[in-house]
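Structures given as structure tokens follow.
The same subunit A turns up in both complexes below, where it pairs with subunit B and then with subunit C.
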Partner chain A sequence: MPLVKVNGIAVEVPPGTNMIEAAKKVGVEIPHYCYHPHLSVAGNCRMCLVDVEAGGRGPDIACNMAATEGLAIRTDTPKVTQMRKSVMEFLLVNHPLDCPICDQSGECRLQDYYMEYGQHDSRLADAKMGKGKRQDIGDQIVLDAERCVQCSRCVRFSDEVTGTGELRLFNRSNQTQIGIFPGVRLSHQYQGNLADICPVGALTLKDFRFKKRVWWLKESESVCGGCATGCNILVHHQENEVYRFTPRRNDEVNKSWICDQGRLSYKDVTSLKRLTGAKVDGQRAELPEAANAAALLLKGAKVGVVFGAKATTEANWAAVKLVRARLPNARAYVIEGNDPDAFTYQDEILVDSDKTPNRFGAALTASQLGSVGDAEALKAALASGEVDALLVLHDDVVGRLGVATPKALVYVGTFKNATSSAAAVVLPAAHYIEQPGTWINRQGRVQRLRKTVAPAGDSVADYAAVDAIGRAFGGAVIPEMPAAIFQELAAGVKALNGLTLKGLGHGGQLITLFAPSPGVDQPGQAAPAK
Partner chain B sequence: MDVYPRILSRIWGVPGSHTLAVAEQHGAYNAARKALAMSPAEVTDVVLKSGLRGRGGAGFPTGRKWTFVPPPEKRGGKPVYLLCNADESEPGTFKDRFCMWNDPHQLIEGMIIASHALGVRRAYIYLRGEFEYVQRRLDEALAEAYAKGYLGENIFGSGFSFDLYTHLGAGAYICGEETALISSIEGYKGQPRLKPPFPAVKGVWESPTIVNNVETLAAVPWIIENGWEAYKAIGTEQSPGTKLFSCSGHIMKPGVYEIPLGTPMMDLLNKWCGGLRPGRTLKAIIPGGSSVPVMTPAEVAQANMDYESINKVAGSYLGSGGFIVMDDSTDMVDALTNLLRFYAHESCGQCTPCREGSAWMYNILCRLRDGLATEDDLVALRDLADNIHSRTICFFGASAAMPVQSFVTKFRDEFVARVESARAGLPAGLAVAK
Partner chain C sequence: MSDVTPAIKKRKLNTSESIYLVEVLKGMAITMGHVIKNIIGELKGQSTFDTMEYPEVRKPVNDRFKGAHRLTTRPDGKYKCVACMCCSTACPAKCISIVAGEDADDPIEKFPVRFDIDMLRCIYCGFCVEACPKDAIRMDTRIYEINAFSRQDMIHTRDYMRDLMAGDKPEAEQWYRENPQHSPEGFLGEVPPVIP
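Let's turn to the complex of A and B:
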């Protein structure tokens, strides 16, 4: 690997690494607008101009400078600072400076870099170019061409990621203007990413416009639960209220992207369909009361446990422990397919046909109880009376199977559906951004959820809801702390052996028991170790 | 005037010089026959040794450029393309048009020879949009050459097959920049590309590509026919051969002149161009097309018309050979404003300094011209030019900056006078009495 130097600090990087990334490795930030790690290099903003000490001729742009042995750049010279100031000045010549009414304020690169590299004494005497304002170019996006710095990130995104190519920089010279082809509207499922990658306020998300000043928002890490892909996200919230989801970079899972469906799914957190209180026979109840009712229903019955592909691995593990401790004859089921209200769109970019985030986790834990039945097996068992009571985690079993279920139905879930309506006992589970836990995505990657805001109403973490039933039987089945539950889980399930919650890190850990193929409902044979 | 062979303008002025019949009477395609009997390496070697330099403006040694094409095993199965840059758009430059108009077969022959040397099967002549009538004449010449079997399959029975096409641009100056030309010929917006990769490695349709100027390729047949020694004997050691100069401005005989490189600039002005208008004195000369720094009379007196001398004497460049003469009737503020109008309009708009800076400089100059500018504007003007130069994707930025840098430095008094008259509230153009 070539050894390069940034401001005199040596670092080894893979050959061909560009110098913005190499500098990042030694903690040197090289400001840039047009460069994006998941798009082709355009080299047009000129903000990343650096001095070249050795191994090339400078000044040159760091984004298009491939690491070769002996290359040495400097970003700390007066000349580099002067160049950055000059580029900033040029970028602002025709920028409207409407920060007070711009949603990008607070996360705008023009603002950020201006604090460091601003001219501060303006010498602009000429009128600014007028360009198209407030253009409705898609279902999710509003375009303000005056704010644009012509970095072409959005053009490259629509050419290279979605392949739809709707956007272009039209005209030339200082009349260059970002725009959409006549008669065309953005119609793909990744529009929100355009607002994310736009380094300024030219492309803004309709949903977030004028909602919140971003500096009030806290960002917490989580994972999107919309499908089996498990895109990494940041939850932006203030005072227990969620304002938006944005993608969190994970090169192995979702790069820097997320689909619009996932992005806007933050609205589910406050959906009227949330189950916010426990219910017994349709009547509002306290959680321990409902858990007692559940225990009474399940005790001595011929119980079928439907493991939840939308539940955390911890909740599924709690169900395993509950069965082992209190329901020794219970049968395990994992029901294939999606809930009836699931979004039907899918593509080759991110969106999986499987709309459950943790099918592998459910299958993996269920299989700890021996054989696992599918939908047909459950239907048959219900019809024959071999199963006369059900404990269901999250899945809309009634909606999916379309068959009558036994009266003794205990449902642990987040949203109202046919199953919650049919259930004798409902235990409200927190939304996945309201609780800790883990999911295993379609690749077999164990990813971590965190409690970002407080659970709505009386809802509790889904594993705690299962544990409440255990307590009603006479004793907790799992430890209380998430790390301890995971420790037990990792020790008990072979595929997870050796993992710790903390060790999952920001990007998750790949396990190799399952062949990582998208859309697989049942765990496959052990995949050969890589 | 010394005696020297006319290489490029050999048959200009002969009636029907653009037809194959007349051109062949004057020896057209003899060099191609000779070259096709040589090995490609031998042809390249002759061009390399002749010292021929690119006539588009940069003056890069042509033979060396040809050697940058990767060997066949490193091309990944891609063909090599030759593109002739006939997007002649530099203000003050009109020599390629004369070449193609008066002797199209010389260019075609040059491209056959170059393509043989480079292993090219298909080549294109990229013409600026306004050269539609030139394209028609070239297409006629191509048809004549095809009819005679000088183009197409198995040329002269040598086994070498070669096709040549013309392609008309849409009239953007920037498409004369080789990577923008490549973008344009591929059908994209004519905008320069980042280097690396260089066109010789990855150019048009991701294939190795050599882009040569019309005048460069037109000089190749003579070099092959007469040998590199004969070419090298003309001109100077580092700038061998002859060059076409497009002479315009305040001179008695504007036109295109072919002279040996190294000819004193004053000789070009007085002997070929017929000198200035009676009673006028020289104020400035732009020696190589509008993009190069302007020269003062004192610099003109010392400089010769070759790549090295102009740079040494005046920090300017021979460029494309657009020789623009300005006498004492010229207002330098107006002249620069006029030049910058062109650059502000032609910037491709891709990268920041040039996109914003060229128009900004033009705006300042307009205010200066109209008597509305201050000292600060003058400082800013110079500053902006420095902030554009060498900080852009292509050379256009420098091309817009160099006229500004040189005008405001070498003719500073005129710019300051405008600011002073503006401050004194005088109408534009009236100077403050000293």
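Let's turn to the complex of A and C:
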């Protein structure tokens, strides 16, 4: 591993690492526009110019400078500051003073670097070059060519990530402007990322247009629940209201991207399809009251528990504990496949065909009860009367299987569907961004959910809803704190042994799902590894 | 330190004070002195009265007096405000609420759909005026009688603040009665649907 020096601080980095990343390691930020860790190096913004002390000839751009033994750069010399000032002056020559109406302001690199390296007295004598403003280039994106600094990140994104290549830099010199080929519109499912990677306000999101100034928004970490990929996201919210989802970098899962479907799924949080109150026989009820009714229905019945691939692992674990403590003869079922109203799109980049975020979590926990039945087994059991009461976590069992509804159906879920309307007792579960918990994605990565906003209406965390039934039976089945539940879960499920909630960190922990030795924690009906 | 409050010693009145009459005459002498001074002043043509007959006569305020806010307009009559929310960010009392909208016909793409200031919360610091990059909000109206019979009428809305200096300064209550679509109640009616 080559040893390089940044401002005199020595750091060892893998060979080939560029100097922006090397400098980041020692806490030195090198300003840049065109460089992006998940795109190829273009080197055209020139903002990352640094002085080379040894091991090369400078000044040179840090993004295209591979770490080699003995390389030493400096970013703190007056020369470097002067270079940055000059680059900023060029970039701002044709940049309009749009900040008051620009959605990027507050998270704009031009603003940030201008405060440090701006030529605060303009030397510009000529009028600014006017270019096309407010161009509708796609379903999600508005293009303002005037604001562009020609970093070409979006061009590289559409060439390298989506492979669609709709965007290009047209014309030359100061006439250069970003544009889309005539007659073409952005049509891929990753348009929102263009707004994210654009360091300035040239590409902005239609959905977020003029909604909120970004400096008011708070960011909280979470995981997208749209499909089995489990993209890491940041939830942007203010005063308990969610305004957008943006991708959170996780090199192992979603790099820096997220699909538009997932990005816009923040709207589900306030959807009219949310279940916000407990119901008993279609009538609104208080949660403990509904839990009592659920307990009465399940007590002594031939219960089938449908473990939920949309529920947290904690909720599924709570169901396991409930069965062990109170429903000794219950059978476990995990039903594969997606809900009938699920979005059917899938691709090789991020979007999985499996639209459930926690298939493995459900399978792992369900297998703790011995044999796990599938959809056919459940149908047969219901037909023959072997099961006459159901506890369903999130799954739209009725809508998917068209099974004859047993009279005793208890539904714990977030959204209204055929099952919730058929259920005798409905317990409202919080949306996944409103509660703590864990999900296991398609790789077998345990990822952590966090409570970012307060749950809507009377809804509670899904494990708490299951626990409420346990309390109605006479005692809580799981601890109250998420960390304690996870501790119990990690001790109880072999594949999760040794994990702690805190230890999952920001990026999650990979577990071995398909151990070669046959064990009780083998996911019985789980989908094959991808 | 003693926790007993010391008693206040009263001064004993002397003989002339204790019969009061002398003191009454002293007071009347001061009053009559002012009366005579004012009559002489009035005869000389220079009023020495300190009382003003409000509201017919108003005290002139300083040029820098910060009165009720108004919103300025461009020559074409549209708001100068582009809903950048700098004022509501700067506001220490959090009394400005703005909803931005898109103007499809205007090269300045953004404009305020709603611009409400809760005058009951406002502390008249003038930070909003300082923060505004467009000179869209000013406090130069010199209006200091900001009052209404209800809390809702104390919310000054976008069009009211635009018309504040046009013609004779309208009373908020009357103005809202004539323009019900811009009244604060009109806004409160537009709350997003509640999840059933």
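By our rule, the second predicted complex is superposed on the first by the 515 of 530 C-alpha atoms of A that agree within 3 Å, B and C clash if a C-alpha of one lies under 4 Å from a C-alpha of the other, contacts with A are read in each partner's own complex, and residues count from 1 in each chain.
We take it that a contact is a pair of C-beta atoms (placed from the backbone, for glycine too) under 8 Å apart; a residue touches a chain by one contact, two chains touch by 3 or more.
Treat the numbers as computed from the prediction; the structure is a model and nothing was measured.
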>> Is A:V26 touching anything from subunit B or subunit C once the two structures are fitted on A? First, second, both or neither.
In response: neither
>> After the superposition on A, what does A:Q150 contact: first (subunit B), second (subunit C), both or neither?
In response: first
>> I'd like to know which partner A:R172 touches here: subunit B for first, subunit C for second, both or neither.
In response: first
> Touching A:L91, do we find subunit B (first), subunit C (second), both, or neither?
Replying inline: first
>> Once chain A of both complexes is superposed, is A:K133 in touch with subunit B (first), subunit C (second), both, or neither?
In response: second
> Per the overlay, which chain contacts more subunit A residues, subunit B or subunit C?
Replying inline: B
> Between subunit B (first) and subunit C (second), which does A:L272 come into contact with in this model arrangement: first, second, both, or neither?
Replying inline: second
> If you stack the two complexes on chain A, which partner ends up touching A:C45: first (subunit B), second (subunit C), both, or neither?
Replying inline: first
> For subunit A, which residues lie in the overlap of the subunit B contacts and the subunit C contacts?
Replying inline: none
> What residues on subunit A touch subunit C, complex-wise?
Replying inline: 99-101, 105, 133-134, 209-211, 213, 215-216, 270, 272, 274, 276, 456-457
> Which residues of subunit C touch subunit A in the complex?
Replying inline: 82-86, 89, 100-102, 107-110, 133-134, 193, 195-196
> What residues on subunit B touch subunit A, complex-wise?
Replying inline: 172, 174, 189, 194, 196, 344-353, 355-360, 363-364, 367, 376-377, 380, 387, 390-393
> Tell me, which parts of subunit A touch subunit B in their complex?
Replying inline: 41-47, 49, 59, 64, 83, 86-87, 89-91, 93-94, 123, 125-126, 149-150, 169, 171-176
